[in-house]
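The structure appears right after this line, and notes come after that.
In order of appearance the chains are A, B, C, D, E and F, and numbering begins at 1 in each one.
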Amino acid sequence: MNKNRMEQMTWVEYEASTTEKILILPVGSTEQHGPHLPLGVDTIIATEIASLVAEQIPAVIAPTLSYGYKSQPSSGGGPLFSGTIDLNGTTLIDLTRDILDEFLEDGWKKIFIFNAHYENEAFLAEAADLLLRKQDTEYPKIIIANWWDNVSPEIVSQVFNEVAFRGWALEHAALAETSMMMYLAPELVREDLIPDDRIENLLTIQQFPPSRTIVPASGCLNTARSSSSKKGQLLVEDAVNKIVTILSEEFSLHSPVNVN
Amino acid sequence: MNKNRMEQMTWVEYEASTTEKILILPVGSTEQHGPHLPLGVDTIIATEIASLVAEQIPAVIAPTLSYGYKSQPSSGGGPLFSGTIDLNGTTLIDLTRDILDEFLEDGWKKIFIFNAHYENEAFLAEAADLLLRKQDTEYPKIIIANWWDNVSPEIVSQVFNEVAFRGWALEHAALAETSMMMYLAPELVREDLIPDDRIENLLTIQQFPPSRTIVPASGCLNTARSSSSKKGQLLVEDAVNKIVTILSEEFSLHSPVNVN
Amino acid sequence: MNKNRMEQMTWVEYEASTTEKILILPVGSTEQHGPHLPLGVDTIIATEIASLVAEQIPAVIAPTLSYGYKSQPSSGGGPLFSGTIDLNGTTLIDLTRDILDEFLEDGWKKIFIFNAHYENEAFLAEAADLLLRKQDTEYPKIIIANWWDNVSPEIVSQVFNEVAFRGWALEHAALAETSMMMYLAPELVREDLIPDDRIENLLTIQQFPPSRTIVPASGCLNTARSSSSKKGQLLVEDAVNKIVTILSEEFSLHSPVNVN
Amino acid sequence: MNKNRMEQMTWVEYEASTTEKILILPVGSTEQHGPHLPLGVDTIIATEIASLVAEQIPAVIAPTLSYGYKSQPSSGGGPLFSGTIDLNGTTLIDLTRDILDEFLEDGWKKIFIFNAHYENEAFLAEAADLLLRKQDTEYPKIIIANWWDNVSPEIVSQVFNEVAFRGWALEHAALAETSMMMYLAPELVREDLIPDDRIENLLTIQQFPPSRTIVPASGCLNTARSSSSKKGQLLVEDAVNKIVTILSEEFSLHSPVNVN
Amino acid sequence: MNKNRMEQMTWVEYEASTTEKILILPVGSTEQHGPHLPLGVDTIIATEIASLVAEQIPAVIAPTLSYGYKSQPSSGGGPLFSGTIDLNGTTLIDLTRDILDEFLEDGWKKIFIFNAHYENEAFLAEAADLLLRKQDTEYPKIIIANWWDNVSPEIVSQVFNEVAFRGWALEHAALAETSMMMYLAPELVREDLIPDDRIENLLTIQQFPPSRTIVPASGCLNTARSSSSKKGQLLVEDAVNKIVTILSEEFSLHSPVNVN
Amino acid sequence: MNKNRMEQMTWVEYEASTTEKILILPVGSTEQHGPHLPLGVDTIIATEIASLVAEQIPAVIAPTLSYGYKSQPSSGGGPLFSGTIDLNGTTLIDLTRDILDEFLEDGWKKIFIFNAHYENEAFLAEAADLLLRKQDTEYPKIIIANWWDNVSPEIVSQVFNEVAFRGWALEHAALAETSMMMYLAPELVREDLIPDDRIENLLTIQQFPPSRTIVPASGCLNTARSSSSKKGQLLVEDAVNKIVTILSEEFSLHSPVNVN
């Protein structure tokens, strides 16, 4: 039993947490991640990083959203791959808004949405905006963050020591995500199937209907060669530390290391 | 690694399953279940029974929906309890419709929605209807079922040998669900906190805003006294068998016991 | 002229009623009811029972909603029958919410929705919930009820003296509804066409698209044999009495028999 | 029993009509109509004129929509009057679209929406457009009409022989509607309360929130003085004849007088 | 640089205007206007008249809405003409509501929507109603007007001195609009292509799908013969004066001629 | 008269273009752009660059969308600035979808959305996806692009020769946009008010409700110092060339320089 996972808590335990802790809502996706990674990569990373964050600050982790917004060719391979289950934009907005509204009704003042699927961003933000746009007090406050914007340049240099870093958009099912999965859930990585694929050019446009030729057949946008659990650990720990620091500041937590 | 859990499969493995297997979408909720059971009871029961069904028929289990429609006082205690996270009706309709639409796009012909939260029913059905209402072929076909309508009277008699069975609506967080959790996830049951509460009279009306006095303070609608893992096993196995039989007939499976 | 039917009242007469009376909104459907009953059975029963209730408590009856949510095979025969006009779920939610919102704006504190079409239930409740969910006073209050949950077991025994009672879901266009129509609107019952059909097994699942073989060709889910006006009177009067009692309690009416 | 009222027909009778007849959907409102006319004026006029049309051409009359779009000050007195129950625009669009879609599914090729509430017009048209906009065949065809655009100038002169005709918009609860009600439903007209009110100037703008001073306190936009059943008969019969002629042409009916 | 066009103002200049001036939102369309007038006629007329009004009263003119509600055959030729870009009703409602809501948030108390496309009317009004319906103060106030309801009978007589005035609905791309364009944007009028077409009979019904035969092939509903810049000037100046007078009264402006 | 601006074309001229040309839909916003730039910066840049593109490839330019999605603090200063008019996400999706649907109905096969407001991106893409997601032919095809992703690194180096380039997100109302406006619409730039403000740190999170302290009071996210018309010309011409090349390839145009 995990004492800060909402689905494992009773309502009495949960109710006692709302005034003192942070509510974390992890958001992932169900999306192809190459021949070597499972469909739940984003969901797993979102949930695991949330758990690591909750080891350092007092928090309750809500059930992770396992379905996300539509995969884009330029950052996720796009809708043509089997196993990529895409929500419409209004659906993700409504889903997130309803859940946040209920957390607010339960009395939470500090809510953190941790997102591990790039395409979700605009729609998660819209949901939070619809609820709090006209509020003129500082709290309740909702913070949304992902891991890739919270990795420091030094760590990027260490991780991309053998292959070039071509930007986070192309890291879909590539070196960074593969390494993180090798660290967080090694039993789910088919290491013998790690591809060395890459999309040739960065896309500077969007095209509809999606092209059938731009994305490599593997679904990987960049090579996963040189992935390792150690690199995954570097990425994960760096992101966790950065996020803990941000939440401590944003939510005025005085001693983030004392977790109930 | 669980070879039939979609989030653990690669897209290549998943794609190979669509023409031969059944896609199961479990649906739960995040809802108070008394002082002794966790908020994820419905999610856990939905996922676990789906897993047991998938041991007997070839199936892929999609990520469970962890948030459901609004808890009603007469069947779930209602929205006033902390930790009950309620989706609006249109949100659940849209969420389910989007996901089903994507499964249909992936080529699934046999889809089974297994629901463990009573209040979801009308909205899950609406989603399936919106997609297939005007289809004039038999397949793709979507079947929706729950566990309580698929337990045989004999099992009910065995389970309710010490306390009276007052109907499934009142079994929220009571004997049946408590026993099932003791069988499926015993580490999550606070046995020392099992209540002996009951709602006095069956509600024959609905009332808005929800009453603050009808539902017992514990959130349980009927007593959980005499719950046991053994009774949980009886209920679970009976429901699994019944559902396997139904799916075999409805989806014309010839040898349900040969699982991939 | 009926002095408590809203459509026959002037706005001045109506306005004078809002502070002292109950507003009743009857809800029916347009749905096949076998070869012997008209498409408006649910609308007629809703309106007539509302009228009988209004003879005992001070009330204004709003225009009945004549179109309802989608008929389900297991409780109404389903959408494949001609003459069954089904609203989408969101449409019925919005329609009911708009109307209720206007009644609240007009100053009503006590609103009663009387529903005679099973499939409407979840959507009527959603509409009321959307309006009053966050209200923290007891009034305005909305009560939703139907007739079948408000018939006493003794009356059921008397009515089903020749044929077995198999549950209310199967009473679509069967003994109960036929008898009620023989009592309330005998000129609309084609007695020579009363069928003796029945659905073989209770459905424990839902299936999409709807099956073309499960429901009897007549559209009746159970036999209407032994129907009579007398049995209809028993059912109607019992439901009316029960509902009057409930409304008197829920709305704190002291002398329900003194009507305006 | 009225053999062409849908709610009184069995589904078998109804089904036999779809290929040969016209389906008429009357649309009214629940709206204040002065101190002398009931709230259901538009609903009653819509239903009664539909019945008279159906005496001359083969038709089935569906249940009337009793709630309409928002009353406007310049044509109905506006939302500030008690008893005026206003639907939002999207609600009326969705309601009408769902119903029309079902009639089309039932096989109707000739559908006539007869509207008696001015403010409904744009939203009824939107519903029909959403369904048939991209259809490239002539049938199924939907015709929408009202009565006021189908009264000939000669009849207007005869009816407004004592008071001036100031345009149909101002005839809300005034001479024309009062006369028609005296002809169609005289028992519902409070003749002793017929007002002699009038709005001073024609409104050439719309104002939000609605003004509390422009509309006379009675709710009548023009005088109802000199109303009579005879004048009502002139208006009704003229509109019925015009509409029968239009439907005969538009739906290519060869002998409109032979009614089943 | 135009000092009262919002898109040309800085936010600092704009902010300084909100408490003292009127915010004007012009609304047009993109719709066929015959072989001699451009698709932007309604947009151009809306913008130009708004500019002339703003010369007489202190106002800021927001960016014009260039896309409007669906063209109807009886007032705009309908959707079958190329270049007619039609918004759905709910889209125009939502667009207008969002924009108005933001203007209200910016502190505007006096908002004027000036509409030059007939079919927009019901949907613009719905947007304003949704925002202000339940407001019980007089301000903020939204006024909606068009030009055709604000032209005096004397001017109509002068303009229609050679051809008959058959009502504003038929003036689509006809004498009035052609003349106004010759006055406001003469370089956009193809004078050699001015048609002499006319729809035969006034439509007293609406028909779906739209007829391919009723509207003249040119797209003009009435003749544009005898159009002139002088007549355009008469119409424009008369409408501007009327509107300035109305706004001065409705918004209690004491000296309409003193412009910032 | 501009022969490729849709609002200035007649429907006959427009119709003749649909099979041979590209339809360009520029999309801007109404958003604060510091004390020195007008609210219409994005609208102006979108329209002007579209015009320059249309000088090199055969195209028709549709009316620009002047209102866009919600300004974000990290890329536009956010909603707290006066004059920033934000559409909800679903509104922008619906608006764009309706317009695109009509262009497709008019027969366009090659559609280009040119966006100059960063926050619009996800919602424009959603609209295109909703229309073409299930299309299995290559055409009609919709391409979406902006200018900042289509500026080459060499030009960035030349433009940012005096101040550091901190990423496109911070270029809101800063050096790049100021220079482009000095080149495209110099009369609208208040050069004496060009600020030297900057946001201190790149935001790696989103925060709701929006912070009142992060964004500089001017609304500029980075310095506009060293802006010049010459730099604007470099940026504009580079983007135009890149876009012309992309469209020529994507739409298989053989001789992009031969414009109608």
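What we mean here is this: contacts are C-beta pairs under 8 Å (C-beta built on N, C-alpha and C of every residue); 3 or more make two chains touch, one makes a residue touch a chain.
These are the chains along with the protein names UniProt gives them: A, B, C, D, E, F = Creatininase.
Just so it is clear, the structure is predicted and the values come from calculations on it, not from any experiment.
Of all chains in the assembly, none touches chain B (Creatininase) and also chain C (Creatininase). When the contact pairs of C-D are matched by residue number against A-F, A-B or B-C, more than half turn up again in A-B. A straight line joining the Cα centres of chain A (Creatininase) and chain D (Creatininase) is 56 Å long.
Mean C-alpha position of chain D (Creatininase) lies 29 Å from that of chain E (Creatininase).
The centroid of the Cα atoms in chain D (Creatininase) and the matching centroid in chain F (Creatininase) are 48 Å apart. Across the assembly, chain F (Creatininase) contributes 88, 90 as residues in contact with two or more other chains. Taken pairwise by the contact criterion, the protein chains form one closed cycle in which every chain touches exactly two others. All the chains close into one ring, and from chain B (Creatininase) toward chain C (Creatininase) their sequence is B, C, D, E, F, A. Those residues of chain D (Creatininase) lying in contact with chain E (Creatininase) across their complex are 69-70, 72, 79, 88-90, 93, 119, 121-123, 125-126, 128-136, 138, 141-145, 149-150, 204-209, 242, 246, 250.
Chain contact summary for the complex, chain F (Creatininase) toward chain E (Creatininase): residues 1, 6-12, 14-15, 18, 30, 32-40, 43-44, 62-64, 66-67, 81-88, 90-91, 94-95, 98-99, 102-103, 106-107, 187-188, 190, 193, 219.
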